[in-house]
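Each of the two complexes below includes subunit A, the first together with subunit B, the second together with subunit C.
Let's turn to the complex of A and B:
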């Protein structure tokens, strides 16, 4: 048990250390008004947490990120299965997808705002755009990585192509899809906030922008802390979900023969 | 060839999907499995590669036939043609006179690589159920088939475990149970015991013979192990390379029931394994 407590103790120590350094630097006025002290920020944060606007903004951010993530996952897996399974679809789409892959969502943000306005739909579109392609690509890799022996087994038992896709290929591709989702979840949060911060979409990004415009640094830092915690929760949740779904996979197996 | 009578098969249970094929009259002499001038060439033109040139042999109902040959001779390709996974380039393989054009419903295939052939995300029981789903069986029959198949391979206790929690020999028994639950009339095994230790190998060989006896199954085993082939088989088809062709079909006349100790110590056993070995060792 000693071994399992030690890492937590050191983590707590590290966090406490960072807070102390923050407090000292702020008290020494190294950055003037731009860096309020830790105590001020946490007091302000407590006040913010008591307001309804904060919670609705938080709800909007989480809602947009999760909905977009779900849409991207659904569309990405379906597209990935199609592209991975049919050579003609693969040749027809891969060039376009490879071209779009390195385009960061921030680049098309002005266009999205122009067309959709500073709305939740705009934010949703950007997040789906940002998360979709990595999920598609990983699913394609997963489909192509399906063991030919597993496929032959299914075929030799007379299973139809659709059934093989759903019951053999898709589960085989799940580890790839899981990796894509683990990377996409924090990215979805980031893009949602950026859409609010730079595009005026609803949620915490917009709240941060308003705090910045008002010169309310204490609130701004408080909201950043909230985002940081939210990011950790997203990552933890995806890890947990991955572990549950992929409990059979080599990297999660509890019993090794 | 087989001395065994051919009583009605208790396991025949599926409608044939090959009904479109012109019906061939099944006479007493129609073999269960008939491979006639089968050839398989991959690719075309200059890059073409002939794996199988001209294979002809038959397997009668209730027989155990082993196919042996040097490694790389195209045994796996042959099985894939028989299982309907690859079309033959010329010649044909037929079951009861009907040409195999897709996976035959009365056939099940057991692969060498159990850890690649079993689905790691499914428990043992669900692995058995997977290929049965499309047969749309009543729930009670589905359960009964899985229960009896697991019992036949001695794995009733493991049905809720995952394949990767089991030893190699147990995993191959799961793969065999999956084939049994499918209730095939013809069982085809591709080097099924090549990846397990010697003791497990003996157990699995005996399991194979027990299955033939209990289920009256026709079994075709590809192996590179000559002793195994002679021990298991009623007939051994000896292949030569390359491309693959039949060197000889050796009738194994060892008494039944076979036993790992007594059968293998018979002078006839030694004589027949020598016969097969010398065929394989002979320079082509």
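Let's turn to the complex of A and C:
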């Protein structure tokens, strides 16, 4: 019994220790005004949480991230099924996809800002660009990984191509898509923040930029803490959703040690 | 069968060529300020990067990228080992790591700007810190997933602690560590660009954003092209390194699958 409490005690100790170090460093003025104390940051954070502008920025960030994620998922799965089903399409897109895959959306941020301006559409476009390719690639892998015996069985039962796609190929690609979505969800949040921070799009990124430009360091730290919590929530929520949706799949049926 | 292979090869190499040709001809007489002719972009590309700003900006950016990534790799693996092997340390810093990992890496850049200023130091620190977490977490996962049998055998052979760490644990965790390093490299690349875009005047990212803000569209396109090529090449180089270092692992996997 005692042993099971110990990890939590150490965790609490670690968090408390970090806060104390922060407070001591800040009150010792090691970095002047640029490092506000923990107490200042948390009182500022409490004030920020009471303002309407904060909540509308938070809403914009979450809204853009989720909408873009949904669009990317829809387009990504459709494209992935298309590319995975036809060999010629797969070969035609291979080189382009392989080139674009390691290119992060921040690279085309200047172009997006130039054409679309510092708007929600710009942020949306960047997030979709960033999340689309991994989802497409994973869906293609999933389609390729479909058990050929299951496919043949479905065909011998007289299923049409469309029915096979919906009942055999798509379900067997689901775990791949699930993995892609689990990785894409936090990325969507990150890109939304980047679009606000560097491109002036609406949301918390823009709020952070304003705090930094105005030298309002307490707000800056407070907002970054908010983003950390938000990032954790996104990760937790997607993991939960993945397990919910894929509870039938064998890799989720039992806990793998 | 052979015809199909040839057809696929033709489609595979033909499509990118076709797309580039389409870009070249469709944009040839373009007067759209956003989409200048590809020819103009390539001329600006050559004028800017080969080799006028090569040393002052391209090498600077790449130097920051590799220095930051190298620091992140070494510290990430070391801290990962410490956390995985000493449970109290793991319990203590686990929640902190998870919280820090939740923060978008780019959001840390403004904090480093306020603490250190706009210089090279800030950029390397931002890159190193942001790239630290994927490697560290992958290292911890890699060590935890080393099979108990392997450790028992090491103990039966009375290997010392040092031998167990360097000759058993490190190689066994290597595949996962390398996956983590690859993610770290991508994060490092993103933060490299972000740290330059936020208020500095040097580096490829800064030049690209500056070109956009001053409506020098061809310069902006040249910057985007260069960044895209760098992102692609860095990833390819790392994959080659990974294949070389992990050749024993890839070989053993292939044999296991064939068996």
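Just so we're on the same page, the second predicted complex is superposed on the first by the 240 of 257 C-alpha atoms of A that agree within 3 Å, B and C clash if a C-alpha of one lies under 4 Å from a C-alpha of the other, contacts with A are read in each partner's own complex, and residues count from 1 in each chain.
In the analysis below, a contact is a pair of C-beta atoms (placed from the backbone, for glycine too) under 8 Å apart; a residue touches a chain by one contact, two chains touch by 3 or more.
Here the structure is a predicted model, which is why all the values come from computation and not from measurement.
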Touching partner for A:190 - first (subunit B), second (subunit C), both, neither: second
Touched partner set for A:113, first subunit B, second subunit C, both or neither: second
Which superposed partner A:167 touches (first subunit B, second subunit C, both, neither): first
Partner chain in contact with A:153 - subunit B first, subunit C second, else both or neither: first
First (subunit B), second (subunit C), both or neither touched by A:7: second
Superposition-derived comparison: subunit B or subunit C, residues of subunit A touched: C
Contacts of A:208 with subunit B and subunit C, given as first, second, both or neither: second
Subunit C to subunit A touching residues, read off their complex: 4, 7-9, 11-16, 19, 34, 87-88, 91-96, 98-111, 113-115, 186, 189-190, 193-194, 197-198, 208-209, 211-212, 215, 217, 220-221, 223-224, 227-228, 231-232, 234-235
Subunit B to subunit A touching residues, read off their complex: 17, 80, 83-85, 103, 105, 107-109, 111, 113, 116-117, 119-121, 130-131, 133-134, 162, 164-167, 182
Touching residues on subunit A, where the partner in the complex is subunit C: 6-11, 13-15, 17-18, 31, 34-35, 87-88, 91-96, 99, 101-104, 106-111, 113-115, 186, 189-190, 193-194, 197-198, 205, 208-209, 211-212, 215, 217, 220-221, 223-224, 227-232, 234-235
Contact footprint of subunit B on subunit A as seen in their complex: 147, 149-150, 152-160, 163, 167-168, 171, 174, 248-249, 253, 255, 257
